[in-house]
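Dropping the structures in below, format is structure tokens.
Same chain, two partners: chain A is paired with chain B first, then with chain C.
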Partner chain A sequence: MEIKILKNVMIKNDAIGNDNRLLFRKHNIFSLNIMSSPGAGKTTLLENSLSYLNKKYRIAVIEGDLYTSRDAERLSPFDIPIVQINTDGGCHLDARMIHGALQSIDLNNLDMIIIENVGNLVCPASFDLGEKIKVLVYSITEGADKPKKYASMFSNVDAILVNKIDLATICNINLEMVCAEIKEINPKAELFQISATNKNTLNSWLSWLDNKKAID
Partner chain B sequence: MEIKILKNVMIKNDAIGNDNRLLFRKHNIFSLNIMSSPGAGKTTLLENSLSYLNKKYRIAVIEGDLYTSRDAERLSPFDIPIVQINTDGGCHLDARMIHGALQSIDLNNLDMIIIENVGNLVCPASFDLGEKIKVLVYSITEGADKPKKYASMFSNVDAILVNKIDLATICNINLEMVCAEIKEINPKAELFQISATNKNTLNSWLSWLDNKKAID
Partner chain C sequence: MHEASLAHYALEILNETIKNDSSLNDKDIKKITFSVGKFSNVYAESFEFYFSELIKNTKFTSAKLEFLNSDENGFFVSSIEVDE
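== the complex of A and B ==
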């Protein structure tokens, strides 16, 4: 019974996810879904990526959070459309929430939509939002064992940004071994080593995004 | 329809949680449920707490993880009963899983059961496992904004261990402000500042546990 319902929920989600995808396609909007554990650095990455992207593209951001609008407030200096979704304790964004948020954004004047998901390394991996690209931010302060432990997330994304690499030594992390394990789990994902607080480490990531946007 | 089913799932979970609670009571077993984000330091805390607790109490550990048995392997040197639960991608432990695990533990020769939940700062907060004490490990590397963002977890536990405090300065975190915010959200929870890798920082936490066990 419960399993059947869960299957129905996922079928419904995927159908609305497809609607979102058609909507993005129709308006020629490139879309990203950024996921991670709590505090892995999604918002800091966004802040320091937007200062570049915002000059090049017309961007809107959809912010997912359980209760607060703290992340949306951090992005407010960019003067771009930001829609806050509060899940009221819910553990992920789903396609219906995104569909609702899209109603309040002028899709005719947009090149890119960036979705920052709820901080959770498990549930968001299962929900297609209709996005073009799934991005995972993985903070190495979480420990080297996470890629295999959270394989459903790591294996299901297009890009993995290994973040807070400046803390690798103090956290006793062997970055090379971590990256080798990620490559084993997801050989297709593009891998970046970054420190999201330091813009200079984001160049490869931003070039890759430019390229993905160009061929979209 | 979905909401009704969810309610049924929770009612069932709570009923089995109560069964577990009666089982713990019957055998005079003190039980802990340790929760956190991925990589906040639950297993390291366990390792460095068990070296003390293991001399004093007869302990079993139930390890929750999506796929691997890495955490259970880390605890194997302690030569205590360890039951690994793999949720196969599931985002939390529920009361039924714990009930199943208890079947393979000799409850007649036990003082304490420690449950290490799946790394997730959202879903595990909703599921009563029948435990006596809920413990949250919160790594300050996740950022100072997490207590309010994940209020359902922070407000619902008996003890909060603020971990990795040795990284506070490098992460630009004001520990006093973080602790003040936690106290605002959950004034009743016991608050500890620890570095789980350093046993010397665990004394207050272990004394508190001793005391809780004594009055159980």
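== the complex of A and C ==
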């Protein structure tokens, strides 16, 4: 006799993700999960976006890293709540870790929570954290073949920031071709070409974010 | 990816199923079927390795493990087969 179960194995994570989502909604907090491979530019993007966002919104940041609190220290000049999660070798943040981090943030006085995930182009894609928006930072210096090689990540996000475009020529990258390939994998994602180190390239990304926050 | 933690999740789901259906208590589990979605990032062989270790000396220890590919997103515990 066959007995149907039909349960997604991730149900355990997703249930807590849903709790987080409800908590964000209750406090009217817009939430963002930034993912990328190690060193693609997440913290740099945060540094150069926060100088703008920080003036407009009350923000908290959750930093996910295997070890150290270096990224949290880089953001300390902004004088905002920062929670560092160390996964001790774990390759991704999961909903339970975020739920724990939320306990130490005053959610009543907050407009936005930004989560910097562990640098990894594979595992974080599978774990719902309860966030509103998933953002991928893709550094072109990693090669033009990465979107297709890591399709599960590229196809599962709301925005893709194609980063380090200042290095395109040196790395022999044809930006148009790369973006066309990304569009094939994820036609719905918003695409931005940026240099996270250069604030002037971040305007469209920041106004897109403003807009998403406004309609949340 | 993290097949080890998925193996734990899967066993939890199976244990709950058995707990919620007392008629299954004294039945032998012959087969467990999993459905592996295209973008689930689950490598069945690796999952099987961890899961087989986990179910040693449990009710599921002699169950045959079956993995079916699917276009659906995600990795599912699809069904179990028990003795009539």
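In this section, the second predicted complex is superposed on the first by the 207 of 216 C-alpha atoms of A that agree within 3 Å, B and C clash if a C-alpha of one lies under 4 Å from a C-alpha of the other, contacts with A are read in each partner's own complex, and residues count from 1 in each chain.
Just so we're on the same page, a residue touches a chain if its C-beta (ideal position, glycine included) is under 8 Å from a C-beta of that chain, and two chains touch if they have at least 3 such contacts.
Quick caveat: nothing in here was measured; it's all calculated off a predicted structure.
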Self-check item: Touching partner for A:C91 - first (chain B), second (chain C), both, neither
Solution: both
Quiz item: In the superposed arrangement, does A:I11 touch chain B (first), chain C (second), both or neither?
Solution: second
Exercise. Have a look at where A:K56 lands relative to chain B and chain C in the superposition and call it first, second, both or neither.
Key: neither
Practice problem: Once the structures are superposed on A, label A:R25 by its partner contacts, choosing first (chain B), second (chain C), both or neither. | Solution: neither
Practice problem: Quick one: name whichever of chain B and chain C touches more residues of chain A. | Solution: B
Quiz item: Does chain B (first) or chain C (second) touch A:S155, or do both, or does neither?
Solution: second
Practice problem: Name the contact category of A:C123: first (chain B only), second (chain C only), both, or neither. | Solution: both
Quiz item: Once the two structures are fitted together, what part of chain A is touched by chain B and by chain C alike?
Solution: 1-2, 5, 9, 91, 122-123, 126, 151-152
Quiz prompt | List of chain C residues in touch with chain A within their complex | solution = 1-2, 6, 9-10, 12-14, 17, 21, 24, 39-41, 74-84
Practice problem: Using the touch rule from the top, collect the residues of chain B that touch chain A in their complex. | Solution: 1-2, 5, 9, 37-40, 65-68, 70, 89-91, 118-123, 126, 139, 141-143, 145-146, 148-152, 164, 167, 170-171
Quiz item: Quick one: in the complex, what on chain A touches chain C?
Solution: 1-13, 91-92, 122-123, 125-126, 151-152, 155-156
